[in-house]
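Several structures are given next for inspection.
The following pair of complexes shares a single chain, chain A, combined with chain B in the former and chain C in the latter.
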Partner chain A sequence: MLIHWLDILPLLILSAGGLAIFGAGAFLPRRPSWVLFGLASLTALGAGLAALLMAPGSAAFLGMVDLGSYSRFFTILLMSITLLSLFFLHRYAQVRNFAGDELFALMIYAALGMVLVAAAVHWLIFFLGLELLSLSLYVLIASRRRETTALEAGVKYFILGAVASAFLTFGIALLYAATGTLEIKASLAGVSQAVPMPLYFLALSLIFVGIGFKISLVPFHLWTPDVYEGAPAPVTAFLSTGSKVALFAALLRLALNLGEPAWEMAWPVLWVLAVLTMALGNITAVYQTKVKRLLAYSSVAQMGYLLMALVAVKQGSLPALLFYLTVYALMDLGAFGILGSLSEPQADLDELEDFQGLGFSHPWRSAVFACCLLSLAGLPPTAGFLGKIFLFWALIKADCLILAVIGITTVVFSIYYYFKVLTSLYLRPRRREFLITPPDLAVGLASGAIFLLVFLLGIHPGPLWSVIEQISIFLSR
Partner chain B sequence: MIAPYSHILILASLLFLMGAACAAARRSLIMILIGVEIMLNAAALAFIAASLRWRHLDGQAFVIFIFAVAAAEVAVGLALIVYAQRRTGSVKADDYQQLQG
Partner chain C sequence: MTADSLLLVLVFFPLAGSLLALGAGYQPRLCRWVSLILSLMQMALISLLFFLDLQPHSGPTGTWLLAVDYPWLEGIGARFSLGLDGLSLLLLWLTAFLTVISVLISWTAINLKVGLFHFFLLFLEGCLMGLFMATDLLLFYLFWEIQLIPMFFLLGIWGHARRIYAAVKFVLFTFGGSLFMLIALLVLYVLHGHQTGEYTFSLYQLSQTPLSPTVEGWLYAAFLLAFAVKIPLVPLHTWLPDAHTEAPTAGSVDLAGLLLKTGFYAFFRFAFPLFPGAAQASIPLLLALGLVGMFYAAWIALAQTDIKRLVAYSSIGHMGLMVLALGIWNLMALSGSLLQLFNHGISTSALFVMVGMLDERLGSRNFQDMGGLWQQMPVFSAFFLFFALSSMGLPGLNNFVGEILILLGAFQIRPLIAVLAFVGVLLTVIYILRMVQDSLFGESRRVQPLRDVTPREVLILAVMALPVLYIGLHPGPVLRLFESSLQVMWGQFPMLARSLGG
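Moving on, here comes the complex of A and B:
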């Protein structure tokens, strides 16, 4: 059998890049961090360009990895996320003295895991990608190992993540026992007489628990604020965007492939969970006094909005979902990345009072932070506003009126706590002197790009929208 | 196969529940890790049974990957726990509560 290795060029580039960084760390004396950072950025850039420019020869690689437009779209998105996170991470790690080879190499391996999860059409690849992603993230979260908070966050994420992946693995095992195939599409679509229904539903719910933990849906979200607070802020940016985008891409693929009787059972569950996630995420965020925890609950709520649109995915909400997923990645990455850049070397700025007066002493970065917050809140003319409009419009067209009304209520409610942060930034007097490190070129580039894109996608979404529509047409065929 | 297929699935489910109970009830991080390993082994058992039933090798190949992943998970997990124990002097899950809102 002829194997077209070039079809999986992005994956090959990522694997080779990770090895090259470990090699550079082992053989270069004194491990200059700019070399490691440069290698990591080139790897992410190369993989993204390969996915953008190379047209693959076949639809899937050995029946394991999807090579279609859907997975290429997510590869490019995930590589952009990785590149921007690296830009934020380098300066942060350099100042705090943990910019070793393992940091950059594990970022690249986590990115490889994300691409595998988003592109998997076989349960084995999905499992391996998820484990690669999770194992790298456990270490990345605890990478500032002299900080007890980072270590605690790493331990917590590890314990809960290991339990969640055990649930997922057992779910896959039961699904295989029920259907006799490991291909995702065949195992989800085919419900014949031979398939024992209770086993099938048990398997699906176990798999959903595993995925729901990773994207922090409400009953499984308890780790989110602790881990987001303890991890280094740029790693949090990477974790809260990259791993969620990848897992949501996989969840979307599962939902689209799910056969008729199972979907009839699944969508009421999704409906309830979406309402719970939106409501609890937004309500708990109001009571937070620490900005990282507030943003953590806000990202839980954002996942709720996405889950809400997933309920209507069979009635054509797919383009809106993909658009909002892209926008979510941008604005959350911006918020956490700037939070890291605006932090002092000893500890990240965290309490709301610490932010007082920051808007005038560090105007540029605060402006980007503020625009990401406005976008998360969903105010015009940002991308978040347009994304939410698309989501709710898709829901209303699909006759999910009650869900849309609940969603809009929580969005309006959420504006309050975003404004709490904005008031501290701009309307309160400065309380103390800041010892914030000046940004380097990479941070400037990344925040400039995010700033521009958040407004560009809010005003002129046409090009991205047309790409997404083509992908959705291709998928639903 | 001598034992009926459903019996093996039931055994695997029991093993999974025991592992989950261990992970949920024990407060020591090491015991939680052992519970997770038992849950993964229950999945491996279910895979082998299903693979014999459907007469494919896919399930058994998956088991080898599960073993590899479980080993990697233990390596990362024990490294984390040992380092945390050195910093804080405890492997009890309840002692890790610096991060609270």
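Moving on, here comes the complex of A and C:
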């Protein structure tokens, strides 16, 4: 049998790139961080371009990895996230002396895991991708070894992540026992007489718990604020966008492939969890005084909005979901990335009071930060506004009016805390002198790109939307 | 290029100008001049429209004097469509006029972050231009929400002591109110799509959606909530006095003169044509809310010790009368009400401008620190008296025309309501006179002499006095503009005319 290796070129580039960074770390004297950073960026860029430009010959690679437009879309999105995170990370790590080869290589391997998770059509690949992603992230979160908070965050994410993986593995095993196949589509769709129902549902719930941990749905979200607070801010940006986008892509695939009787059981659960996630995420965020924790709860709530639209995925909310996922990645990455860039070498700025007056002393980066916040809050003319419009439109079209009303009520709460941050940035007088490191070119490029895209997608989303619609039509066929 | 594309210029010129002002911000003087010239150009452009002799013509988005229609979000059928009629034209002119005034009164008062300030002023102008012309519901909603952002910063950065509280309260109230409108809007859109197979946000097409009374009632309620917060109607008004008290003078002018107008305008433009049946059913509610607003505002205004708060409450009272006129719904009352919309924009803004000048001189807005101003500042006091008299409806000045039309219109249909409204207007006279008496007359309680108005300030006040006199003495042309708009509207929305008469 002929194996078309070129079909998985993005994955090959990522693997080779990771090895090259480790190699450069091992053999180059003094391990200059710009070489490592350049290698990592080129790898991410190359993988993204490969996915963008090369049309694979078949629909799946050995029945394991999906090569269709859906996974190409997510590969490109995830590579963009990786690239932007790297741009934010380099300066941050350089100033704080942890820009080693393991940092950049693990970023690349985490990205590889993400792509595998998003593209997997086989449970084995899904599990492998998830473990690769998680193991890399455990280390990345704790990559500032001298910081106790970072270590605590790493351990916390590790323990809870290991538990989640255990749930997931057991769920996959049970699913295999119930259906006799490890192919995702076949295992989810085929519910014949032979399948023992209780076992099947137990398997599905265990898998859902595992994924729920990773995308921090209530009630599995408790790790989120601590880990987000402890991890270096650019890593948090990567974690909160990349890993969530990848896992949500997988969740979407599962939901789309889930057969009729199981979906009938599943969607009320999703409904309830969406309400809980939106409500708890938004209401808890109101009480936060630390910006990182506030943004952590906000990202929990954002996942809630996505879950809310997931309820209507069988009635055509897929384009809205894909659009919002893209927008979410963009604005959350911007918020955390800028947060990292606007930090002092000793410790990240965290308390709301620390941000007072920053809007005028550091106008450019604050403006990007403010735009991302406005977009997260869903105010026009940003991408977040249109994203929310599309989400609610899809919901109402699917006759989920009650869920939409509950959702919009929680959005009212969210306005308060986003404006609380804006208030600190622009409205309150400056408290103290800042020792913030000036941005380098990479940070400037990344934040400029995010700034432009947030407005562009809010005013003229046509091109992206038509791509997404094509993907959805292709998937629903 | 046809005259229609002028509408695009009207929206995008101030938006582009705002960036220019921001760029010029490094040199405050330059920035002020740039903003002044830009806003004057915008005003000249709009004034030009009055002389073009525009005639209503029908197009795909309805019957308008001028209209543009471009595809925008093709995936969901939202379009970038603007339409101009007599009402929007006058509101556009008011917007441009008050922006010029705002730039002028901030000439010396704003010395902090000048570039950003003028950026927000011009940006707000652009948003309002779009809002007053949008004929696509999603586009309207977009402008409706954007206007919060510049106002939040205008209030929050350049406001007075409790500005942050006021700014956050303002955002929460208005945003909270309008989010439910978003849901209602999407429901209407989806229902229309289900029935006709065509998904569109066009006001003209959506107004032809047949709705069951229950659904219509709920959707109307959601719109009502959003607009009632903005107008503001009495139980939802509490953000307004705080916002006004804490805002810088230009912020107050924009708030009273423009932002409050958007609520009433949207009511008239969207809520009524879209939900005529529910609108008819809500008439008793509107009458009650209007009356309660008038009486409540008068009662609270009498107890105020802060002159700016008093003017803010007078604003609520005036809006109450206009909402009452919506409930009367005949040609006379409606033209009066639309005229009042314009008048209130001029007179109340002028009062806010003068209160701001007073505040700059006295450092206080408390009645205890005033009294006897006439002896020290005769020119100022004469203008103040003039605008106060205009605000309480002295014959020969602008408010009188609007008020008398509303009252006469009301007498034709609902005499009892008209009597109550008349009492409400009388109460306005009482608190306005009290304001004048406590500030201008009586014994002076100050030792230091006060500087009278500067030439720049005289210019501002004289310019603002002109429309007051013009409408008071010769309201014919403006009223004809409204009447033709109303007739076009009734022709355009037959269901509205059938439900409510006209």
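Things to note:
One rule holds for everything that comes next: the second predicted complex is superposed on the first by the 477 of 477 C-alpha atoms of A that agree within 3 Å, B and C clash if a C-alpha of one lies under 4 Å from a C-alpha of the other, contacts with A are read in each partner's own complex, and residues count from 1 in each chain.
One rule holds for everything that comes next: a residue touches a chain if its C-beta (ideal position, glycine included) is under 8 Å from a C-beta of that chain, and two chains touch if they have at least 3 such contacts.
Note that the coordinates shown come from a computational prediction; the quantities given were computed from them, not determined experimentally.
By the document's definition of touching, neither partner reaches A:Asp440: not chain B, not chain C.
Look at A:Ile396: by the touch rule set out above, it reaches chain C but stays clear of chain B. When chain A is checked against chain B and against chain C, the one touching more of its residues turns out to be B.
In the superposition on chain A, A:Ala162 makes contact with chain B only, while chain C stays out of contact range. In the superposition on chain A, A:Gln288 contacts chain B only, with no contact to chain C. Once the two complexes are laid over each other on the shared chain, residue contacts for A:Phe170 go to chain B alone; chain C is not touched.
Comparing the two interfaces of chain A, the one with chain B and the one with chain C have no residue in common. Those residues of chain C that touch chain A in the complex are listed here as 73-76, 113, 138, 141-143, 145-146, 148-149, 152-153, 156-157, 163-164, 167-168, 171-172, 175-176, 179-180, 182-183, 186-187, 189-190, 193. The residues of chain B lying in touch with chain A in their complex are 9, 12, 16, 19-20, 23, 29, 32-33, 36, 39-40, 42-44, 46-47, 49-51, 53-54, 56, 58-59, 61-62, 65-66, 69, 72-73, 76-77, 80-81, 83-84, 87-88, 93, 96, 98-101.
On chain A, the positions that touch chain B within their shared complex are 123-124, 127-128, 131, 135, 138-139, 142, 145, 148-149, 151-156, 158-159, 162-163, 165-167, 169-170, 172-174, 176-177, 180-182, 199, 225-226, 229-230, 287-290, 293. Those residues of chain A that touch chain C in the complex are listed here as 319, 360, 374, 379-381, 385-386, 389-390, 392-393, 396-397, 401, 404-405, 408-409, 411-412, 415-416, 419-420, 422-423, 426-428, 461-462, 465-466, 469.
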